[in-house]
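Note that chain A is present in both complexes that follow, paired respectively with chain B and with chain C.
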Partner chain A sequence: MDTLDEIKKILTEILDIEGQEITPETYLVRELGTESIDLLELAVAINAHFHIEVKDDEIFVKALRLHLQKAKDEGFDPAKYLAESYPALTTARIEEILADIEGGPVLKVKDVQSYIEWQTKNKDND
Partner chain B sequence: MTLHFNGKKALILGGSCDLALSLATALIEAQLYPVLTFRNALGRGKIDAALSNQRGKYEACYLNFGERDSLAAFLAQTGEEIDFCVDFAQEDFESLIAAADEAQVYQYFTNNVSFRAELLKKVARIMVRRKYGRFVFISSAAAAKPNPGQGFYAAAKLASEALYRNLGIELGGKGITTVMLRPGYIQVGRGKTYLDNHGGEALRLVPGGKFLTTGDVAETILFLLSTSAAGFNATELNMDGGLTTGK
Partner chain C sequence: MNKEIQINIHTGLVGFVLLDRLTEVSAQSIAGHKHFAAPSATLLMESLAQLGASHVRHLTDFAKHAFLLKIKTCSLPPGPLPPGNYTFAGQLQSQSSSVFSHRLQAFASDTVIMEGIFLFALADYDANFSREILQQHYQRIFACLQTDTARDF
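Here is the complex of A and B:
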């Protein structure tokens, strides 16, 4: 089972959404209605399942608006600032997020997947 | 009344104090498995001496609230099967607010509040995975009614109570609950020194007319860990004979 399938399985169990389609493009909060307590459970489950360290802000892009405000206050380029704050996200994904931010919480299943794969690679390199 | 428990392994933070040792004996009698923490050789020695006839029925682990790295090592040792956590840990710091050393103040809150917050996060996440957990924080009547010189102690206790309270609010639905117990005067530990000097005066302030014993408190904690006390969550309980309720 690949990372995406594992995430789908965990999400289905936590959110009790058997039968609902989940793709890499699915928004966790906007579409699946995930709440902060569900994200906590998801973080714990990912930690246990993939044996990786999970930083809740990084995996769920939680402090996005705070980072953007800080970049603005200190005169940094927002995309570069976010790339430093969220090293698991690609440049293309960060651009996508910046374009999408007015629509609400940006977190997608593929962001969780990127984080897991990035952390797994880091762990393997250690 | 027969008490029932949803689990077996109980962390006892600050495990070398007299109250913790009294509780450990009660837990072992109730077929639970206490894991008591100590922060120096003296503490370790106290635990082993008090429980010398209970070998194999408890564990003692190093954990120092003043040493952040000790937390990861401690959790690696305790493993993933934590059902209960009883928290007695608290350094003493007696000083008038206007007379305190600033560096000591920063260190005190780092050790007694920030470290505790990190510990709660990590233990709570273990419990979330297990879908059950019960915390009992041993606060103090001094949190509600401090004497001069107890301001920092009371502030750290109140801050810790707030952390535990919110944990119970946030995770109650996931089976993880909290209770904060505020014992009053106990003739043991740092309370004994005070009562040796001011016993008569202190007793006049307790409508219940008597001080607590370690056995009283241990029995109450045992009850709070049991399924019979499941209705208590995210709340403070005063156990002080009425000390903090009256004028």
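Here is the complex of A and C:
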């Protein structure tokens, strides 16, 4: 079972959404109705399942607006600032997020997947 | 009219620390016990929650406010609970930067009578959860529960 399938399985169990289609492009909050308590539960489930360090802010792209405000206040390029705050996200995904931010919470299944794969790679390199 | 309302909750207990002593603390586990004159499933569940939260506070050096986030699963005792000594054990199962998952068990005479998966979360101290009050309070309780002079709070 690959990373995406594992994430789907965990999400389905935590959110009790048997039968709902989940793709990498699915928004966790906007489409699946994930609440903050669900994300916290998801964080420990991912740690247990993948045996990786889970930083909640990074995996769930939390405090996004706070980071953007800080970038603005301190005169930094928003994309570069976000890249440092969320190291698992690609440059392309950060651009996508910046274009999408007005639509609501930006977190997608593929962001969680990216974080897991990034942390797994880091762990393997240690 | 700004009227303050005071609510008194009578638990029938002296204080609300439902552990008499912590007997074991490590990075992965914690254990303790309590003598109950009138035990109930609710009190045992609260003891388990206090045990898990104590472990989380210890692991994070009391730097943040730790609280019970969710009881994912918890069995209930098979029958009436007699007065006496109950022991509690917790095993850290998984964690993230702000959440800890523990498997917690209550024992009576070496038999598991209640067990469950409890989630605990961390939050920064703030105006509602004062660092000045809570950090010292929990550190003091934790230290006392590890000594032979553990007492009611």
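One rule holds in what follows: the second predicted complex is superposed on the first by the 126 of 126 C-alpha atoms of A that agree within 3 Å, B and C clash if a C-alpha of one lies under 4 Å from a C-alpha of the other, contacts with A are read in each partner's own complex, and residues count from 1 in each chain.
To be clear about the criterion, a contact is a pair of C-beta atoms (placed from the backbone, for glycine too) under 8 Å apart; a residue touches a chain by one contact, two chains touch by 3 or more.
Note that the structure is a prediction, hence the values are computed from the model and not measured.
*Asks:* Quick check on the chain A-based superposition: chain B and chain C, clash or fit?
*Replies:* Verdict on chain A: clash between chain B and chain C.
*Asks:* Would you mind checking which one, chain B or chain C, touches more residues on chain A?
*Replies:* The larger set of chain A residues in touch belongs to C.
*Asks:* Does the superposition put A:47 against chain B (first), chain C (second), both, or neither?
*Replies:* Both partners.
*Asks:* Figure out whether A:92 sits in contact with chain B (first) or chain C (second), or with both, or with neither.
*Replies:* In the superposition, A:92 touches no partner, neither chain B nor chain C.
*Asks:* Between chain B (first) and chain C (second), which does A:37 come into contact with in this model arrangement: first, second, both, or neither?
*Replies:* A:37: touches chain B and chain C.
*Asks:* Please indicate which partner A:1 is in contact with in the superposed arrangement: first for chain B, second for chain C, both, or neither.
*Replies:* neither
*Asks:* Touching A:55 in the superposition: chain B (first), chain C (second), both, neither?
*Replies:* second
*Asks:* With both structures aligned on chain A, tell me which stretch of chain B collides with chain C: 95-103, 185-193 or 221-229.
*Replies:* For chain B, the clashing option is 221-229.
*Asks:* Jot down the residues of chain A that show up as touching in both complexes, chain B in one and chain C in the other.
*Replies:* Residues 37, 40-41, 43-45, 47-48 of chain A touch both chain B and chain C.
*Asks:* Which residues of chain B touch chain A once you look at their complex with the stated criterion?
*Replies:* 125, 128-129, 170-171, 173-174
*Asks:* Which part of chain A faces chain B closely enough to touch in the complex?
*Replies:* The touching residues are 37, 40-41, 43-45, 47-48.
*Asks:* Could you pull out which chain A residues touch chain C in their complex?
*Replies:* These residues of chain A touch chain C: 37, 40-41, 43-48, 54-57, 59.
*Asks:* Residues of chain C touching chain A in their complex?
*Replies:* 69-70, 72, 93-101, 119, 121
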